[in-house]
């Protein structure tokens, strides 16, 4: 039998005005197991807590019931009080007689009666409480960053600078990501490569950073602090340790028809290639689907010409198994496929390009060496139309496009317009926009410069149709300010296509059991207060994987995610939530139903020897990993035999509360 | 067919593919067929005929700790129960050789009795006709009129996931299996309450339904566990009669293959399958057609969800007039 | 409960810790009134509500049982309320099938910000149960005093 | 809606099934409109004016008959607002106020060409029965 103390708080007049606290304390005295009951003005005050501590010692209390405000308010306070008096913190129960009683009822008799019932329920529950001890689990002091774009690189650098090992897994042959494809960056117009490539080099040279390029996460097990990842390092058919990146193979390769992904398919590359000059690692890769040797068994020119002997046609995918304490998702984005918007003739004319394609055209290292020419005939364009919000801000029920604002398009379109006017003052530039969204430091000034200084023709309205005519594109759109429909004969049309999460994100989310929204962006643990953490413990978010953002925001978030990771990796061990599920071995059938509903993958099965009146021998039994379990209780209800129960909210505890209320 | 089965079983055992067989033997009366394990020494006593209505798959659970492999004879409908038991890891499929046996519906002697045929001494069948020998002479009965209720909503002639099939099967279902459920749904709540009070008050808590049910396979049932808060050995009042059957139906919801054994064995003739079938009908209507045990490894509807599931208030909204 | 006094319903409300319990607290902070015969039991998640608890409450004389949880999509444990939704649908359907009045059970999604919705829901539920009258079909007479 | 009462925005919303509040005034509908220059009010203005309750102006405007019912605006709208349906609703409202000089339902089946979108036929018919 427990020895229970009941403490009824007045909360000044907050409770005492509508609840007769003395009557509650008196009624509690008559409940079984209650050896002490009292009331006080402010239980949470230092004096009130001292009173609780003394009573615990004096009356050798084994359980404490506080009738006070919501447990969401002071449960932690009173648990600490109990601990300081030598009682297990989980032997404290709160009866919420303020928010859920005194504050909602006006009648004293009614309020008092309900408060007594709530106190009884808490007493009934505490009778069945058992001391709980939070377990601990060790922390592997290494982080995994998935994605080697600017988000991943920055996160890795910050974590590594704090002294922890970091692995970057990048699915492409080189790190750098989307930022490496950009020409200039807004709002400063400094060259993207000039600010990114030093960071790439820093990452490559950092002794704590290990770049695993051309690789993807194959599977993941474990939990916060203790993940085990299997990483598939795809065969690049090049010995990375030997390749010097001299590029001779890429020149000798006779198969020239592969589309150059880095240049958004605007030109071609060989079957063996280095994505771009500053690639890291600066190592070639062979596209086996394109390579003549892989298709016919002949050729092998690259092998013959490689003085380093780095070509390895027999290389196989390799699986690396590594352990991590934390995982950062930095999988980034891709532009949506513009061909769904056939009103803009993207599929019909090479002169209709997406902004990222335009970025490559304007880039000195791009397919045109930075010279602005029409893709169709290589001629200099005289009039360019930019269309914003292509596929952004559509409704959920629209047949195509995304419901969100892609956030970066207004600014990069202003940048493109400005760059064109700067380099080629003879080119007329029109921008169709719905709203020019420029919240950001120096962003609106930048946009205004495009309008005022560079005379870019901003038209508030949208293009309804682009039609391909003999030697130009006919653009028909509305000008809402002038209330007219306008027709422009343009040489090029640039579509500011929406961005969407990288297509690998969804599968990754499933693998990490990290939740995602309907657009496949990773969900943050709290949209305001925990924006860089996933609800899954130990998984953190960096960059556009979480939602559209520009480079400065991405870098800021990357740093924030790194700080969270460092905070985790600093710890030698993690304290677990003790209110977790556990299976009664004698009752468990091993039927696997609990495993199916567990959102965290906390349940596994073991064959164990069991000796109970009903069963003797070896049987399959559910085992809950207390470090992963978050205590939702989904398993307890799905369990047919009642073997699965939840500590702190056990079947018998909840039923005791029900009984006390329905008495 | 019985002889072919015996021969095949013997061959399998002699070849070392299995060690024993789970099938039926004759019980106290000539038409009783009781589950039994045979080895090669007594396999000759194995019976398989039109009286083998019982579903024997549940007996495999206790067999699992034993060494070796067990052959189990399964009718098409039994194969669903076997798969469900494997899904729930109660039976290890690798330790079982599932031998499908042909079935054209099983005979319910009780039905003959309710036709007024008394003093039955033997039953022979030829085609679609049964010849019932009684103390008072012979009677001819159409086979379809003497089938078990569960055969009237047969799950089809296909064995699901068995290793081998001997003999042909026929589908014997007549009409819509949800007809009676729909009829109850159409009643007013008070009429339904009266109907179920009338039925459930007959319950004597013999636990036959629980013991025969392949889904009720817990090592220790909640009703036997004093800590579960619902334990009781006998129904002391109306509520407990209700409670037992509600909880039982709920526990098997999504896992029940609708094998109909609960109603078959109920000594009081309570149509227990109507509770399970209601759950099945709801699942089909709300979460899409689902047949428990159709294959191994299925995720049953109550351990699954979609983002757009109906709200529980759908129960209140359906058939609004009877609210 | 005595028969002589004017009968008032007894209602058990199971609230998930993260949304609805906080919503109930908010109703209190906003001093929004709802009848005192609603008693709240805190559970970690709506998926912790075992149908046995609902039956137990009716057995012990509750006249109505309501479950409140996070809105679908907002579950703290990401999927709990989806399971709860199916389980309660099946349970309510079963009770309805046995002829128990449909109004005695309810599920309502109440977020931590919806104090007003919590109070309104409870007021409405109490009214429904008051109109239905005492729970006679599912009570255990032995438990009555 | 009775014949004598004034037409309200709610009436048009009910007839058309269009929710003008979904519109973000991007103007893509008007950018796509082939009759733009003929129309006094343009597709995006129909949506905006219905939202503001300026129904009488729309009903008095010839724009409702200059609309070709080509549905380009409806097709291109990124937010599924479907301005064409709203314009059609204004036409319907006008016709209903004019009395019953339109075709009856029984006249329709034999004139129906399966290849034409049904809504285009109906709206064209209303238009020419001015």
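We just call them A, B, C and D in the order they show up, numbering each chain from 1.
Keep in mind that, in the parts below, a residue touches a chain if its C-beta (ideal position, glycine included) is under 8 Å from a C-beta of that chain, and two chains touch if they have at least 3 such contacts.
These numbers were taken from a predicted model, which means no experiment stands behind them.
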Could you see whether A-D or B-C has the larger number of C-beta contact pairs? B-C
In angstrom, rounded to a whole number, how far apart do the mean CA points of chain A and chain D lie? 45
Chain B and chain C: spacing of chain centres that average the CA atoms, whole Å: 36
Averaging over Cα atoms per chain, report the distance between chain C and chain D in Å. 48
Can you check how far apart chain B and chain D are, centre to centre, with Cα atoms defining each centre and the answer in Å? 62
Which parts of chain A, given as residue numbers and ranges, touch two or more other chains? 597, 638, 651, 655
Going by residue number, chain B touches two or more other chains at 222, 228-229, 302-304
Quick check: what residues of chain C touch more than one other chain, meaning two or more? 51-52, 56, 79, 83, 87
Chain pairs satisfying touch are A-B, A-C, A-D, B-C
Within their complex, state which residues of chain D touch chain A. 22, 24-33, 36-37, 42, 44, 72-73, 76-80
Interfacial residue positions of chain B with respect to chain A in the complex: 65, 87-90, 217-222, 225, 227-229, 251-252, 255, 299-300, 302-304
Write out the stretch or stretches of chain A touching chain C in their complex. 70-72, 96, 98-101, 103-107, 110-111, 113-114, 117-118, 121, 515, 535, 579, 597, 599, 630-634, 636-638, 646, 649, 651, 654-655, 657-659, 661-663
Per the touch rule, the chain B residues reaching chain C in their complex are 184-185, 189-196, 222, 228-230, 236-237, 239-240, 242-243, 246-247, 249-250, 253, 275, 278-279, 282-283, 286-287, 301-307, 309-316, 323
In the complex, the residues of chain A that touch chain B are 586-593, 596-597, 605, 612, 614-615, 617-620, 638, 640-642, 651-652, 655
